[in-house]
Each structure stands twice: as C-alpha cells, then as structure tokens.
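Same chain, two partners: chain A is paired with chain B first, then with chain C.
This part shows the complex of A and B:
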C-alpha cells in the first residue's frame, strides 16, 4: 500500500510563535513544474501590526545585548542551518526547479553569508564609529546604535539567499525585523523561522510574514512604530509611494535592488540601519 | 450555637431582607440566591466578546471608553509629580486632538488626593459638568487587613481631602469564612464615613476582589451583599491580585446590577479594574454592558474602567481611525 504524504502547513512566525494568519487566509504555492507544494498563510495588515508590536517589545533586549553576545547568537543560527542543509536543498529544488548542485550552492552561500554577518556583530562599531578630534580637552566619540524596528521586503526571486542577505545585516546592529518573504518562493523563509525558533534568538527579534508584499508593504511603510524600511525586494511594487508614506514618519528607507547580486554582503547594509550617537567626555587634566 | 449577631441597619437590606436584620437572616438570604451556571456564564461572555465592532461604532466605542476610564496610579512609588501628570493626562488625553474626551476620574491613594484636587483646580467636578472626579482607594487598600477604626479614619481622611469617590475593599477573609455580617457592617460603617460635613456623601465603590473569592457563586453573593449594604458601585478587583477583572465576572456582576434594577428600580454601577490593557478587550466590556445591563449603563455614573495603560492603547486606536495608518507608542505620553 502506498503511503499518503503529509504536506506541511507553512505558518507565520510572529513573536516567537507560529500563528496562522488572523484573516484565516492561505494561498497555494506551486513548484517549478506547476504541481501543488503547500498551503502558505497569507498575512493581513493585522498580522503585520501584530508583528510590529512583537518586534517593538523584543527591541530593548536585543539591542542592549552586547555585540559579542549577538554575534554568538547569530553564529548559532548558521550552525543550525548547516544541520538542516538537506531540507533547504530539497525545498529549493522543488520550488525553484533548479538542480541539486545549484540549490546546494545557494544554501551554502546563505550559511556563509550568515556567518560573515555574525562576525560583524562585535566589530562594526569599531569600523563605523569614530573618536572625533575636537578643540578642547574632551573625548568625542561617535558610535552607531540600532535604529529600531526594521520592516523588510525580502528579494522576491530568491528562496533562501535573498532572504538571509536582507535579514542578517539588520540583525547585526541590534535591530528587530518584520520581514515579508518572497510571495512565490516562501518555503525556505518559513523553514528558517523553525531554525530561529529553536535557536537562541529571543522571540520577536525576527518576525516573518508570508503573503502579498503589495498588500502588506503599504501598511508597514505608513506604520508610525516602524523605524526603517528596507525595500530591497520591492522593485516590482509602487515603491516610490511606499517611500513617500515612510517619509511621513521620517523612516530610513533603503531602495530596491534587482538582479542576482541584490543585497550583496556589505558593511553598508549593516550601517544603513543604525543611528550615530555622539558623546562628549572630559579628558583628565592631570 | 452562638447568639445571633444583630447587623447594622441599611435601608436597602431592610427593604429586601426584612426588618429584623441579623447575621443569620442575611446569611439565609444570600445563601438562598441561586447558584451560577459557570459554563453558561463563560459561554455567554465569550459570545459577547465575539461581536464585530467596526468603523463608526468603533470610533464611538473608543470615545465612550475614554469617558468611562478611572485613570489610575496605585504604586508605592507614586509622587505628587506623578499624580499631577496623571491629572493632566486625564484632562487632555491626546494633545494632538482637542476632540478627544476627558476621562471620568483619576484614582489615587488617599494621601495623594490633595495633589490631585490641586492639580485639577477648576476642572475638579462631575463629568456632566465637563470635570474630572477624584477617586481615592481607602480601607487599608489593597489587602483590607486593618482594624475597622483605621479603615474608617482612612476613608474620612480621603473624603476630607476632597475625594468624590471612595474605592473600599471588603474583608475577603471574613467573607470566605462566612462572616457576612461583619463584611456588611464594615460597608455600612464606611458608607457613613463617606459623609461630608455638608450632608452630601462621597460615592462608594466596593471592591470585591473577585480573584480571591474563588467561585462565581461567591462573586454573586458578594455583589448582593455589597449592594444591600449600600454600595453605589461594585468593583471587581484591586488590580493587585491575579486574576483581576475578567469578562465572565463582569458579566455576572452586571447581571446582579440588572436584577437589582428590576427588583427596586435603582441603578448600581459596575467597575471592572485591573488587567484591561487593550482597546479590543475594553470594547468587549462595552458590548457586555450594553447587552446585559442596558445601554443606559454606558455613562460614567454607572460604569467605569479602572485602568492605567488602557488609555494609551485606546488613543493609538483613535489615531489609527483618524489617520488611516497604524500609530505607535511614540505618539502618546509615557506614564
């Protein structure tokens, strides 16, 4: 007798838990050959709102953790990803229709990038910060600090690599994120949320929504409690009006990037979502 | 058998229980009240909580909620400055929107009443006159563990300082061990202590602390007991004990108030307090009031929310309704 396959229900990841969409909606995800792969939760604006609340409440703990500690936590995610390589490769093969070799290369690159970013957690301050020369007996130090809650529209034409490349740099500086995964290729993002849930990342630091970016993005862009907006995967949306909505509350906005090199690893992606704080301190005159 | 204790006279109790008011007649009356169908009550409360309130109804509900709030600060760390900022928040909840209604009252510890009265100045008064009342917790709040003379002095002190409303706690220990007469006497005595020199009287809210009463039957009995002894309001909780206010308990108390109204034509107020932080939850209470006691209860003389953080959430929802996008905690004051 042949065994009936048990398809996985792909849910949202908000505040460290896996809720269904508040709206009760799901949409079908199909593989490269057009066959049914899974039902994925279709997030509504209220799910986005809940995700922002979760991200906001996780912010103080995550941003106040030492850079060293954040680096350890991020590195551990890469370790867990490594242990789940086979699952990610299988998902990417089924949904993107690429060869196993290509899928493996994507997963490996994603893990390597994650580790690269994890290493920056206790180093970017030294590179991006500065001791400024001032005309007086003072230390004048500029240090970058987390911006706050970052809403991300993940690259839409990449399963895992694009998602990791957009999320990891925002986490390095201590931001918490609400990320809208690729609408067509969401499986790796949801599987990554299972990795996050079993790692040391506090609940609410990463919140993953699946569904239509065109529907959710305007609510995130106009949300007064979102501090920054990464539109890297929003190239196909009306992203200019998203930028206009974001300007209403003086959000930092990162523009869309297209092509295979979208969200290539760089220090700029880390410092994009930081605020520079400058402090004065007297020098000893003895 | 011990000698039957004669309890204090209270006009409501005499009218309902009979002229020869004793501990045993009171007990007989309260124990004769039918028990609560707990499953039915919780199902009813859950059903009331499932109503969909949208757009204009929601806007109305949010404004109503603000006008029913007893804005509360009951911390050991309270200072005159904190009370002053509480008062200014109560007067102008949303500085960006002058159409935002005022809260019904501020609720503070007895020693903070003079500061609240001073901060309110000309705005000290009833909500029908556009003012804000000052409510004070008294009678050794929150535990109620003090001698009667201390409790009465606590009450009289707050009334003399200018409190318009007194939130007293019942002696849960006495109630749970069946000494209904003692609880009754205390409420009657505190009610006396609420009297001012000019003959008027501060409104008396009786806190049942339902989280410590264990059963719905006890909540129903305690509600009747408080009303018989002369309460103007029955209030769920101090906010210092978990669980504080829950929807089923509030529905139950609203049912008692409705029954009392049918029996005597007199309207008693209800105040859920503690644990109501989200507008969504508060709207469920508004629905429960309208569908249990009646819409005429949705006014500050008959229904209040005891809350502190609820107000900010309601303001965020109001801003969302008027601006069309989600607001954030940066746009309301930090308390």
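This part shows the complex of A and C:
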C-alpha cells in the first residue's frame, strides 16, 4: 500500500504570518499536464493594503540594520533554500513540466543569486556613494539609502528564479517589499515564504501575495504609502496605466522586462531602489 | 542718517546691452517665434525690459529637429575632450560676462544683486567648469566603460534661479554628449537669451543648444515631443506629476526636481547666533523662492522664545528693496501671481490661528513685494506648515525630543532638504540618518556646489543634479542596448497613453 500524501495549503505571507485571503477566495493552480495541484489564495485589495501596512511597519528596522547584518540575513535565506532544494525542484517539475535537471538548475541559480546579492549589502554604499570635494569648508558625503516600500510584480514566466531576481536586489539596500507572485506559477513563491518565515528575515520585510496581478497591481500603484513600483513582470498587464497611477505620488517606476535576461543580476537593480542623501557639515576654520 | 541707513548704491545697468526684442535660439541663430510675443518685466518696477518670442508647436518641432540633427551629425561624433573644451570655453565666457549676467538676472528676476553676483553667476561658471572636466572621463561615471549619451534632452526650468538652473541642466547634458532644447520660465527668459549669445561666442556647433521661450503650452509641447530622449524638469510638484503621467509608457528618461517644505531643526545645544543666521539664509535667501528653503523652523521648546526674539532682532536689519542696490538683502517677489499665492497662504495662516510678525519696513509702491514674515504658534496640520509657500514666510513649530523633531520633519509628502543645528556631532549624524531628505545641511543651510548631488525623496521628485549622480542622469550604460531589447513591447499601451496625453494637451490649451 502506498502512503497517502498530505497536501499543503498555499496561503499569503503578510507581516510574517500566513493568512488566507480576507476575501475568502482561492484559485486553482494546475500542473503542466493540466492536473490539479493546489487551491492558492487569491489576494484582494484589502490584502494588498494589509501588506503595505506590514511593509511600512518593518521598514525602519530593516533599513537601519547594518549592511553586515542584512547581508547575513540574506545569506541565511540561501542556506535554508539549499536544504530544501528537493522540495523546490519537485514543485517546479510539477508546475512547469520541465525536467529535473532544468528545475535543479533554476533552484541552484536562485540560491547562488541570493548569495551574490547578500554580498552587496555592505558594499553598494561604497560603490554608489561618494565624498564630494566642494568649494568651501565643508565635509560633504553622498550615500545611497533605501527608497522605502517597494511593490513588485514578479516575473510571470518563472517559478523561483524570476521571483528571487526581482525581490533580492530590492532587499539589499533595506527596502521592504510587497510582491505579487506569478499568477500561473505561484507555488515556489509560497514555499519561499515558508523559508523566509523560518530564516532571520523580520516579519513584514517581504510580503507575498498570490492571485491576479491585473487585479492587485492597480491598488499598489495608487497606494500613497508605496515609494517604488517594479513592473518587471507586468509586461502582459496594462502597465502604462499603472505607471500613470503611480505618477500621482511621484512613485519611482521601473518598466517591464521580457525574456530570459529579465531582472538579470546587476548593481543597477540595487541602486534603482535607493535615494542619494547628501549631508553637508561645516568645518571650522583653524 | 542712523546706523542702519545707507545711501542708495545701485549697480549700474550701463554694461547691459539688451536687444529690444528676442527671438527663439534655434540651430545657432535667433529666429522669430510663430506665436504672439510677450513682455518680460522687472518685478521690482513692473517696467518692460524686452519683448520675447513665444514658441509654437511648429517652433518646438524645429528646435527638436535642430537638436537631433546636431546630435547625429556633430555632437555625438565629437570626442569627449573636444566637448569638454567647448564647456570650458562657456565657463570662461560666463566668468568674463559675470557682472552683466548678474545685473540682467537681478533686473529680470528681482533677486538682490549681491546674490546674483556672489551666488548665482559664480555657481553657473563653476557648474560648466566642473562638468567640462567630466566630458572625457565618462568611463568613471559609474556606469562601466563607454557609457552612451541619451540623445536629445528636453529641459524646462523655473524662474527662481533662471541662469543657475540653466547651467544645472545644460552642463551635464552636454558633457555626457547630449544635445538640448531648453525652455526658460516665462517670467525670466532674459539670462537664457544672453546665454544663447555666449553659446555663439563659444562657437558651439549649431543646434547643440537650442533655447525656446514661451509659457506652459510650449513646455508641454517640448516634453511630449516624440523625438526627445530625455526630459529634465525643475518646478512645481503638480507640473512634475503631469509630466510623469504624460511620459508613462515612453522610453524617455525622466528626472524631476520639484517642491519642498524643508525642516530646519534647531536643538538647544546649537550655537544660537549661527543658527539665527542659518534660519535667515534658509528662508529669506532669494525671497524664499527656493525649492529647498528651510520653510519650517523646528526649534526645541526650551529655546523657542530666545530664538524667536533673536530672529526678530536680526530680521529688523534686513534691507528690503531695489534688487540692484548692493545693500539689498531681500528683493522683489518674482511675479504678481506668486505674490498673490504668498498673500493667500499667509492669510490662511492668520485664519488658522498662527501669529504673524514682520519687521517694520517700507515697501516700494511699484512692483511686487512681501516683507520677511514669520509665523509662530503654527500647528503641524496648518496649511502654512504643509504647503510650499515659495516666499519669504517662515512657519515656526516646536519639539521636545530628537525623536519628535525627526517625526515632524518627515511629516510631509516632500523630501528635498533639511537643516540640523547642534554642537553635538553624534546627534547631528544620528538625526541626519533618519531624515527622509535628499540634501541635509548641518550647521549651515542653502549651500550648493557642482560636485554635490542635489535632489529629493518622495514627492520632491527623482534623480539628482550635481556631482557624478547628476552626470549619470544623462547617460546610459553601453550594455543598455541589450537591456532596451529586454523591455517589454508596449505598442498597444503606448499608443493608448499617447491618445490620453494628446487629449490632456488639448485640454490644457483651452
């Protein structure tokens, strides 16, 4: 007799907890062969707003943590992912219908990318900031720091790697994020939330919504407490309307990207979610 | 004659050699505009200075076409070294004609000659000199080897620092290899047109710099022109928002320097005399027509009365009057429209229960004037504590702890500037860390330098001007060609947006 499997309930991840959608809605996620895989929570406008509240609450602590600390926290995510490779590979095989080798390659690259970004946390300030030789008796320093709450529409054609590629760089500088997972391929994002919950990432730093990006994105784009909007995975949405909505609060907006190189790892993706602060201080004339 | 009375000491306007009428500067030559001309006046006397052309949509097309042709045929093929040499020439020409530019600026804008002469124009020269040196060093700008220019830059600037804002826009754009079409503000076109003469004297290839004058419709046509690659705007948050909306879905790179409601925080351990000077510099410099003005004074409660008392004594020595007088501290309000706004908001301050105080000073009968003003007993919810007044009006609030000062300072949708006054360095650095503002002045205020990035958080806009950051606003990485190919096609969406902005532009013309 074969053992009867215990399926998982796929829920949202908001403020470090796993609520169902307040709307009570779910949607059916099917595998590559059309078989039923899970009923995944279908987030509502209210869930999106709750996620923004959670992200805003977590911002002060996360953005003021030292770069060394944030680097270690991000590295710890990679450590835990490494231990759960089999789970992610199995989920990707079932939902994307790819080979085990292809799924393994995706998971491995996702882990390695976390590590690459983790290493930037205590360095991007040195590379992107500078001392300024001004004409006068002043100490003058420009440093990049977190923009604030970043809403992300994750790449829609990738289970794990696209999600990680979009989320990790925003976290490096101390932003907190509300991310809408791939609608068709949400399982890895939900499983990643379970990794995040058991790692050292403070609750609210990463908030993950599953459901319809077309439904949720307009609420995030018009939310006055969101500072930046990454539309990397919004290519199939009416993203120009989202950008127009975001202009109301001068939100920083980054356009959709397509193809295998979407959200490729770069320092630019880190600095895109930073603000340069320049501090002048007088020097006495001795 | 008492201690504070001086004989008039007006700067001579004899060295000005103004034309009676100015055309549009397109493709290296002045040409007549197609729309009806307008008059630029001195805000201190309301007297006509010169007749100015107004650029029609067709003129905007011609200017952008000239910039595109110059980019394709000349400027993008020139070595960085030669671009730099042109910019060095411009810097020197500005220095040579510095006094003339300062007089013209004070005449047209109403700012005191001591500011245009000692701040605006020297910074203009410094800005060109600084970015001139960058032109052949772009590999070190932080975008990797061989970064490329964006193409044609559309630049729209405000009236508060007419020539300085021109320098902030044109110098980095040209150094990075772009060509430009710049529109100065309607009320202050004069120095931009003198700058066009400097461009001619420098022998800059035709079409690299084009200057078109006109009102909002001209600016709107310029930023929405389909052949523009970069838009840089300095001005109000509401116009910035409109531009961000109309550029949605286009590949145009956008930087915005918008409004502010800067907090100037004075702790009880501050050197009070210096702080009072800084408060005055923060809000009365340039009649308070400064986006980064320290327009909200946050003073620690236990020293509130003392600071206000000393501030009043200091304000009583401010000399308000003829902008061309070398002894003038506070000049004229730039326009009747701006004066109206300052009066309205100040009246709201009265109505909301704040206490208004101004030193006794006699204001000229002609022109636009507003006495330096402070409001005490201001509530955080008051309009004068939230809205940008853009005039010589200071709202004074109190706090008890550093945490309260930080919370109040950040309690604004803006995030451009802030000041901190304290003798305790560790406190300054801790507070600076927590302020959400792009420029923070510690024990000083309103300092500007071409090497120092300037720009805001939140609704004060995005992008930086000045420094390496200001240069990269006009550059793309060499690899961006492939990155551009990654950007999702948005043909449908873009055409929808164009339809929208077209209808918005129509609405604007009504």
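Here is the rule we use: the second predicted complex is superposed on the first by the 277 of 286 C-alpha atoms of A that agree within 3 Å, B and C clash if a C-alpha of one lies under 4 Å from a C-alpha of the other, contacts with A are read in each partner's own complex, and residues count from 1 in each chain.
Assume a contact is a pair of C-beta atoms (placed from the backbone, for glycine too) under 8 Å apart; a residue touches a chain by one contact, two chains touch by 3 or more.
Since the model is a prediction, treat every value here as computed from it, not as a measurement.
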| query | Between chain B (first) and chain C (second), which does A:206 come into contact with in this model arrangement: first, second, both, or neither? | reply | neither
| Partner chain in contact with A:52 - chain B first, chain C second, else both or neither | first
| query | In the superposed model, does chain B or chain C contact more residues of chain A? | reply | C
| Contacts of A:64 with chain B and chain C, given as first, second, both or neither | second
| Once the shared chain is lined up, is A:177 touching chain B (first), chain C (second), both, or neither of them? | neither
| said: Tell me the contact category for A:222 with respect to chain B and chain C: first, second, both or neither. | reply: first
| request: Under the contact definition given at the top, report the residues of chain A touching chain B in one complex and chain C in the other. | output: 248
| Considering the complex alone, what residue numbers of chain C touch chain A? | 126, 142, 237, 240-241, 244-245, 248-249, 256, 258, 413, 415, 425, 428-429, 432-435, 437-444, 447, 449, 451-455, 457-462, 464, 467-469, 477, 482, 485-490, 493-494, 496-497, 500
| field | Partner chain A, residues of chain B touching it in the complex | value | 324-331
| remark: Counting only contacts in the complex, chain A reaches chain C at residues 64, 127-128, 130, 132-136, 138, 140, 142, 147, 227, 235, 238-241, 243-244, 246-250, 252-253, 255-259, 261-262, 268, 275-282
| query | What residues on chain A touch chain B, complex-wise? | reply | 49, 52, 56, 219, 222-226, 245, 248
